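Each structure below is given as structure tokens.
Shared between the two complexes below is chain A, which has chain B as its partner in the first and chain C in the second.
Right, the complex of A and B next:
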């Protein structure tokens, strides 16, 4: 899963030469062997490295605060979502929804590397959500729909249809 | 299309609902559409309209790139959820002046709808005038009632008086005569003209049979439409 994400990310970043990845350990942590230097292990690390390699450092955040937020969300993704047990999913979605209430992108006012990576991570959850739940996590749904339409982000994943259903609008303010 | 009056709370609410599942007014990137709507707002939306406020703050951050955003500015009435009434033609404030030059589609539609409105009103007035003439042709009927007394002792004069005392809107009593039935008993045959909408024969019969002292029964002898 993580490897497919990384290749989609490469395409998004416009990197011409795809890297060769391998995985390490039981949990299949992605590993990137670079020619000159130690291997890079971990999704967040590799993603940040790719952004710099593609000469798009703005995707990591322009201000220090924004950079910190981007890293926070990369970490969030790896720790809270990738291994998430079923019971915890609701809490995670609720937290995300609350956070996204007054934000268009995860970090600041422009797309960062955190947005597509989080999108890849929760795609399989959102794809299974019922319409009622999508309404309940309205902000999350809105952000999700926005990111999946961003040019270059959605490659290997199926688009999730987002439809407003007036019956359930009383669930949120 | 349109959000209604964006300077009013109702319009802002429409905008808020519209932006609940959308990041931008049109499509998935900021465009001139967002700038048009942004400029129509007089101030930042209140924090109770969380989606509108989010969008507002986000678009504010694009202030420097206003001119370079994609798209063409259209009249406010072109954006927003379908089914909301376009009040920008009635609104007529400073925001419209900016759009006049580029307002290729907006102004045509507004003119059309005003013309269409005029035609509709004329037609309605003509229809109402026609309807007003109708009352001249009210449906009327001429009814002949047979009122029968208990026996030959019944005072027929009193009976007629009581029958004629029945006054209803749309009821006009006419001629009456006494017709002998047999054994000295006479029945009162009385004619009346009624307006069909206002008086019915059941009503008449009930009222007349109420005079139990004199009236044994009432029948409709004849019923003619005038």
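Right, the complex of A and C next:
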């Protein structure tokens, strides 16, 4: 799964030549061989490296504060979501929903690589949410819909139909 | 900018050590383990850094990276990779080992759980040519890993003699005054017993089996 997502991320970043990845260990941690130096291991590490390679360092944040926030959400993705026991997933969604209440993107007002990486990670969860649940996690769903329609992000994943904003649904009659 | 920490919380050692080492100016507030500092998180988490923008950093490694960066050192790919390894591979095992050791007194089980990550660290450290993990000056990954291991390394039986490279590196980092005062501040000279209150409030950590799941 991580490998397909890295390939989608490469396309999103506009990297022309695809990299070759392998995985290691039981958890299938992605590994990127490099010509000039030791291999890079770990999804967050490789994703950060790809953004630099694509000369898009702004996707890692433009200030030290933003860079720390981006790193935090990358870590959240690989520790809290990838390792999340089934019974805890609702808590994670609730927390994310609360966090996104007043935000357009995870790191504030501009897209960072944490957005596609979190989107890839929760896609399979959001697909299975019932209508009422999508409504309960409305900020998260709004963010999700925004990211899946962001140019170049979606690639290997199917679009998920989310609810229209309440403001629009009330205009239907 | 304000850093929230609590006594007896092992994750606070790394951020306090990095704060002192980098000389970054920041207020520190001691709070209770159960204090909900980050408004959007259901479960209380510490340490937390309240940034000048009003955002909260609740990942201790992100806080350490931030202090290093505003102190003048941007992280390299190699640093990021060690921090990711610490968060994804080492922390779950350390959490489990600390519960075994401090709450249940099972040091042999703690030692068993630690074998794989410690051998991995030993392999990497024995191959390096620098004084620290990735360079000749102490960097964020050294403090983060040292602080993570520190509470367990207080127990002599968890320091296998054959891991010589780990031991030399561990002593070198631990000799820094910033590390010593951070450990003192969190453990209050009470050793691992100081962590009891914190560990009792954590969910029980069970480790994933090392066999691949069957289909």
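Going forward, the second predicted complex is superposed on the first by the 163 of 173 C-alpha atoms of A that agree within 3 Å, B and C clash if a C-alpha of one lies under 4 Å from a C-alpha of the other, contacts with A are read in each partner's own complex, and residues count from 1 in each chain.
Just so we're on the same page, contacts are C-beta pairs under 8 Å (C-beta built on N, C-alpha and C of every residue); 3 or more make two chains touch, one makes a residue touch a chain.
These numbers were taken from a predicted model, which means no experiment stands behind them.
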Is A:41 touching anything from chain B or chain C once the two structures are fitted on A? First, second, both or neither. second
Figure out whether A:141 sits in contact with chain B (first) or chain C (second), or with both, or with neither. first
Going by the contact rule set out at the top, does A:87 touch chain B (first), chain C (second), both, or neither? neither
Please indicate which partner A:149 is in contact with in the superposed arrangement: first for chain B, second for chain C, both, or neither. first
With the two complexes superposed on chain A, say which partner A:109 touches: chain B (first), chain C (second), both, or neither. first
Who does A:95 touch here: chain B (first), chain C (second), both, or neither? second
Between chain B (first) and chain C (second), which, if any, makes contact with A:65: first, second, both or neither? second
Looking only at contacts as defined up top, I'd like to know whether chain B or chain C touches more of chain A. C
For A:26, decide between first (touching chain B), second (touching chain C), both and neither. second
Can you list the residues of chain A that touch chain B in one structure and chain C in the other? 101
Using the touch definition up top, name the residues of chain B that touch chain A in the complex. 17, 20-23, 27-28, 48, 50-51, 53-55, 57-58, 61-62
Enumerate the contact residues on chain A facing chain C in the complex. 26-27, 29, 38, 40-45, 48-49, 52, 64-65, 67-69, 71-72, 75-76, 78-79, 82-83, 91, 94-95, 98-99, 101, 108
Chain C contacts chain A in the complex at 39-43, 51-53, 55, 57-59, 61-63, 65-66, 69-70, 77-78, 80-81, 83-85, 87-88, 91-92, 208, 210-212
In the complex of these two chains, what residues of chain A are touching chain B? 101-104, 109, 138, 141-143, 145-146, 149-150, 162, 164, 169, 172-173
